[in-house]
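So, here's a batch of structures to check.
What follows is a pair of complexes built around chain A, which joins chain B in one and chain C in the other.
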Partner chain A sequence: MNEKQLLLNKIKKYSFALKELNLYLDTHPNCRRALALFQQYKELRDKGENEFNEKFGPLTPEQSTCTQRWNWIDDPWPWERR
Partner chain B sequence: MNLDLFDDLNGFILRERENSLPSADNDLKTNNGSAVSRFPANTPLAMAYVPFQQWSSVYGDDDAFAAGTLFPDLDLPFMNGGNTR
Partner chain C sequence: MWIYEKKLQYPVNIKTPNAKLAKVIISQLGGPDGELAASLRYLNQRYSMPYAEVKGLLTDIGTEELAHVEMVSAILYQLTKDLSTEEIKASGFDTYFVDHTAGIYPIAASGVPFTAAYFQSKGDIITDLHENLAAEQKARTTYDNILRLADDPDVRDPIRFLREREIVHFQRFGEALRITQDKLDSKNFYACNPSFDKNCGIK
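For the complex of A and B:
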């Protein structure tokens, strides 16, 4: 597995944990332990996404930070995976 | 119609009743070892109940992703015998 896939996998797993905690917190809004873990995973996910953004380009159009050109359209697209 | 199915209906109902009474699996052990039912003392019969999830341990992100849940409490063998991966 190359670095790009490893990083994507990490982001995917952090996002899944976040979604799980999101659903748990919906029914347990006062659970501080869940809230703390949510913040932890959010930080990890954001860090991962920023790293991915810097190395391989934006995951979503909103993440595009390049001021020179609109790099959202740069290759490869998900179906052009190499 | 296969009437054999109904031969032991009385026995079946009895067993189901016994299983539904507070015992073994339905009980939680407290710290001092006494058993507490998951249900309040005056729980009406014939109603369906969903135990409210309590915070316990959580999987790490790798295990959670593989299991399909962050919570070991919810990691149940729904696909027993099927292809779980």
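For the complex of A and C:
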């Protein structure tokens, strides 16, 4: 696995933790422990996404910082085989 | 509104095409208990939900189901990429190929195109939550059946992830039903629809 795939997998893991906490908090909105974990994983995810954006390009159109070329459209797209 | 993220929720990397398998997995895209029906079910139901927890949950699970639509579509795309005409004929994929080539189109494994008849939005929180609990179990059973038919570990891995999500969603919908019944039970003994009956049947 190359650096890009490793970093993207790390982001996927953090995003998954956030999604799980998100659904749990929907039905347990006063759980302090889940609230703290949510903030903790959000920080890790944001850090990972910033690093990914700098090295390999944006994960959402609005993350794009390029002023020369619209790199949002660059291959590969998520459904494509590695 | 929604924002697209250029990543799958869980990785899909299938090295070996297998059109025969795609013919059955397509049911989890456009079949009766598939991910498209799941997403539309929850995103349509949320408007008549009286309680904040349930509005949030339907929005968030409905959104996650869209990510599952994308994962199932990625599995189908990778399973049917670079097939020869011979492979298409031998696998029985020719009946799909004749209408769609290798494009992704939501149908059930039987060939029936996707229809909104696969889900309900009944405008009653108790009714809708029971529908959702059943829907998650039906989808789990379908994934169990796919796992009985699929040998390729590259396919089984993301399918097992999707199966696990059905179980988590079932758990959360169960909690939503408990929250709802706790709120209803205080005065609304007969479980009248709180989003329509203004006094919940109580004078």
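Rule of thumb we're sticking to: the second predicted complex is superposed on the first by the 74 of 82 C-alpha atoms of A that agree within 3 Å, B and C clash if a C-alpha of one lies under 4 Å from a C-alpha of the other, contacts with A are read in each partner's own complex, and residues count from 1 in each chain.
Assume a contact is a pair of C-beta atoms (placed from the backbone, for glycine too) under 8 Å apart; a residue touches a chain by one contact, two chains touch by 3 or more.
No experiment lies behind these values; they were computed from the predicted model shown.
Enquirer: Of the partners chain B and chain C, which touch A:Tyr41 in the superposed model: first, second, both, neither?
Expert: After superposing on A, A:Tyr41 lies in contact with chain B but is clear of chain C.
Enquirer: Can you tell me whether chain B or chain C touches more residues on chain A?
Expert: C
Enquirer: Contact-wise, after the overlay, does A:Tyr24 reach chain B, chain C, both or neither (first, second, both, neither)?
Expert: both
Enquirer: Looking at A:Arg33, would you say it contacts chain B, chain C, both, or neither? Reply first, second, both or neither.
Expert: In the superposition, A:Arg33 touches chain B alone.
Enquirer: Scan A:Lys12 for contacts with chain B and chain C and give back first, second, both or neither.
Expert: It touches chain B and chain C both.
Enquirer: Once the two structures are fitted together, what part of chain A is touched by chain B and by chain C alike?
Expert: Looking at chain A, the two contact sets intersect at 12, 16, 20, 24, 27-28.
Enquirer: Within their complex, state which residues of chain B touch chain A.
Expert: 52-53, 55, 58, 61-62, 64-65, 69-71
Enquirer: What residues of chain A sit close enough to touch chain C in their complex?
Expert: So the residues of chain A in touch with chain C come to 8-9, 11-12, 15-16, 19-20, 22-24, 26-29, 58-62, 72, 77-82.
Enquirer: Show me the residue ranges of chain A that touch chain B in the complex, using the header's touch definition.
Expert: Within the complex, chain A contacts chain B at residues 10, 12-14, 16-17, 20-21, 24, 27-28, 31, 33-34, 37, 41.
Enquirer: Could you please specify the touching residues of chain C with respect to chain A in the complex?
Expert: It comes out as residues 3-15, 53, 56-57, 60-61, 64, 70, 73-74, 77-78, 81, 168-169, 172, 175-176, 179.
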